[in-house]
Amino acid sequence: MSQNVVVIGGGPAGIEASRRLRDLGYTPILIEKTPVLGGHLARWDRLFPEGIEARTVLDPMVADLDGIKYFTETEVSSINRLKDTWVVKLSNGLSAQVRAILLTTGFDLFKAEKKEEYGYGIYERVITNADLEDWFKSGAAPQFDAVNVIGFVHCVGSRDEKAGNRQCSKVCCVTAVKQACEIKEKFPDATVYCFYMDLRMFGRKYEDLYLKAQKDYGIRFVRGRVSEVSEDNDGHLFVKAEDTLFGKPLKIKMDLLVLMAGMAPAADNHQLARMVNIQTGEDGFYLPQSIIGSPCTSSREGIFFAGAATGPKTLPETLSEAASAALAIDRYLKTPQKK
Amino acid sequence: MIYQGKQRIWSEYQKEIPTDHWFYVRSCIRQSFFPASEKTFLEILRDRLGKDVYETPHHTTCGGIAYHSEAIPQETVMTIIARQFALMTEAGYENYVCSCITSFGLYSEVIEDWREFPELLAKIRENLWKATRREFKIPTYLAHASDLIYKFRNQIAEQAKFRLVNKATGEPLRVVEHIGCHYSKMFPSKGVGGAEYPYVLAGMVESWGGEVIDYPERRHCCGFGFRQYLVKANRGYSVSNTHKKFESMEPFKPDMIITNCPGCPYFLDRWQYVIAEQTGKTYGENGYGIPVFTYEEVAGLVLGYNPWDLGLQTHQVAVEPLLDKMGIPYKPEDKYKGPRGELLQRPDFPMNIKCC
Amino acid sequence: MGKIYDRLAQDYRIKEGLKACISCGTCTAICPAAEFYRYNPKKIVSIVQSRDDDAIIELLKGDQIWYCGECLSCVTRCPRKNAPGLVVMALRALSIELGYFAESEKGRQQLPLMHAMQRNVLNYGYCVYPETFAYEKHPEYGTVGKWVKDNQKAVYERLGAHLGQIGPGALRKIPQESLDELKAIFDVTGATRWMEIVEEKSQEKAREMGLTMEEYEAQAFNQTSRCHLNDED
């Protein structure tokens, strides 16, 4: 009988790592607290940089779960150390005794309403990147009248000490450019702005997407962080920012504003960290042994990480880290036990 | 606008306000331009609600306006504030309430600085001792006078003779609330409702029957700007900021404006007059302006005070259209009378803004 | 790092108000002064952050630092917990200390401002007081304001103020021993020295400009050149 490994978190990292572990001869026990596997990816319509549909990545993964025991709507109740093993009790009453646990708890989307000055949850025409993906995916048209001016606000809850999130969320810049192009396709006559602090187009083909957004879609990029959003008596928005490259304050009337909510550490991180006695950083993400040398290994024996649980990551980074984590676990389990 | 979204934010900024025993300090601007407002505040607290609010004749300015005009250094203003706290300590109080938003913001800032830099607090204690031989404790609770009216808003509503409702139509009055920058922009948690959607005035308006208007430039400064008003050469700054606010609120057709800070009602009232005289533009109905009130004046009207006891005759923008809407009776012939009922020669009529 | 910057960094408002600026423009976007004057708080913070003494001295001698209205709206929004308004206040204080304020038109306003404010505080115990709030200097007080001034005693009595009277109450006469304490505080904490610096530097500058002190002070209070506003040529 093959050895069990518990994988906590059924997003892309958890699914991919489980598949890799299975291929290496283990039996992964994959635990997901929501009703569906796939994490944030399951909600997303299309992926940067090329605009392929998210389901073309996720569906084949979810269709390939033979040999993996997975439980949705299931949470971890407790984890206890017993000699050189971990005893994991689940909310469904099951428990598993394993030598290795992989934490693939991912991230929470930053709660955009915490940036009170942007009025999410107060002004109807202020939505988030995730709301926009819902809309793209469902095809349901917006309930607003003429949508002529649209804005994207980068760094909502990212690089923001006041919001308690100092880190760059990494994916929002390119997501905003992707979504700006997509919305321009839906409203070809609309003027679309992106308000950014720095455009972080670091990945292959990201810069191409940016170029296309400028050349083919006429997206207007304004280097300045949005300071305030307000509403007129027809429900339209006023957006204030500085165009820092011209050194002038701007006030633009808009019909729709999309907030690029960033990646916040998963709310459960602290609780799980306490259960297995590991550290989270001051940013709330798990601390691996070394961000460079051993990003998948924790300070405790038998506890491993993959994906955005240790900080914002793109999907390809998450998937390759899931593969690395599976190898790290395999090596750990094959190393003769001490004593 | 999604009202529940604001309620959620309001629930996150619930400031603790003790119910009784306050050491009270006045505002330079409020007592100069709205002296009856301070009188009304004390009457409501002491006589109607039976609260202990103590005032010593020895308290002075906090120095805030001088400090924000760079007329005195930071160490001076901190030591003046330390002296105010010493008077509170000597009088046996721990709860400190001030009648001015500039003061309130400055007290909040100074207390925070002292907490962060203990060596600075030590220096100020030494300064105060050298200059006055006084010692002080930092207040346990700091409130702006409007925090107390907010706290007791429902008791005021229970005693109300009039409501912020248009008597003819039964509709709630449309009220612009203006909070004053130094109330919570520096320290959102020190103000009722926070910095972005402050609730201190909105709570009063709702409790007394009115409807709050949220207009695009709601959060913008009234334009005081300290030196930008105090020096004549700079006043274009002041009036242009007020102008921006009125242009923004105009489409919402407000019936009235309620203010928190003592300076804002002066500027929002007087600059309407200046804009009308210079450009002919008025923002109220039928050539009137939009009447501007302190929160004490509004509380007084709700409680049935005589408008002329509240000092509404010293506003440049006529208040009568609002009194009529609320169904408040008043005697026009008493408006410009002196303390013994003697008739004082009435003010001139401005050219462009209608007055009564 | 320069000597002027070092001195500036001693100011608690710099310690409190300048952590590290990311130049995102959030402050400028909602700054009431930036919309009106040729003013950009982000640029000022960038210059201070550069620690370049020559550039900082240029600020201290120029008009820009005097454009801020100290509303501190910038404090709410800065994602890095900076306070550009406090940085400006520290620059102004240093400009006074070093006597550089007299080199700019807006800085020269310190003389009438400090006369008005310090005299009000020392003579009356208030920053603003009806006795010194002259209608001639404040025509915006309006026709009603003129009426209040013309009937000052009667109006204040009618409204329940204790203008110039003994005991508690609005606009009361503050006891002399309390005013003496304010004077002692001014002496101990540097306000008296500030007035001396401003008097002395203003006199020097008035001589240089060929003006009497009365002319100099009136010019500073009343006049503005066509170079400050956004919408000017």
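When the chains are written out, they are named A, B and C in that same order, and each has its own residue count from 1.
Quick note on the criterion: contacts are C-beta pairs under 8 Å (C-beta built on N, C-alpha and C of every residue); 3 or more make two chains touch, one makes a residue touch a chain.
Not measured: the values here are computed from a predicted model.
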Can you pull out the chain pair that has more C-beta pairs in contact than any other?
-> B-C
Whose Cα centre is nearest the centre of all Cα atoms in view?
-> B
Return the distance between the CA-based centres of chain A and chain B, expressed in whole Å.
-> 46
For chain A and chain C, what's the span in angstrom between their mean Cα positions?
-> 48
Where chain B and chain C are represented by their mean Cα positions, the distance between them in whole Å | 22
Indicate the residues of chain B shared as contacts by at least two other chains.
-> 195-196, 219
Of all residues in chain C, which are in touch with two or more distinct other chains?
-> 30, 35, 76
In chain A, the residues touching two or more other chains are 117, 228
Chain B to chain A touching residues, read off their complex | 1-2, 4-6, 8-9, 194-197, 214-219, 251-252
Show which residues of chain A lie in contact with chain B when the two form their complex.
-> 113, 116-117, 119-124, 228, 230-233, 235, 238
Hey, which residues of chain C end up touching chain A in the complex?
-> 22-31, 34-35, 40, 42-43, 76-81
Interface residues, chain C side, partner chain B - complex | 11-13, 15-16, 30, 32-33, 35-37, 66-73, 75-76, 83, 89, 92-93, 96, 106, 109-110, 112-114, 116-118, 120-121, 125-130, 133, 137, 140-148, 150-151, 154-161, 166-172, 174-175, 177-179, 181-182, 184-191, 194, 220-224, 229
Complex contacts: residues of chain A adjacent to chain C | 117, 155, 159-163, 197, 223-228, 240-244, 247, 249-250
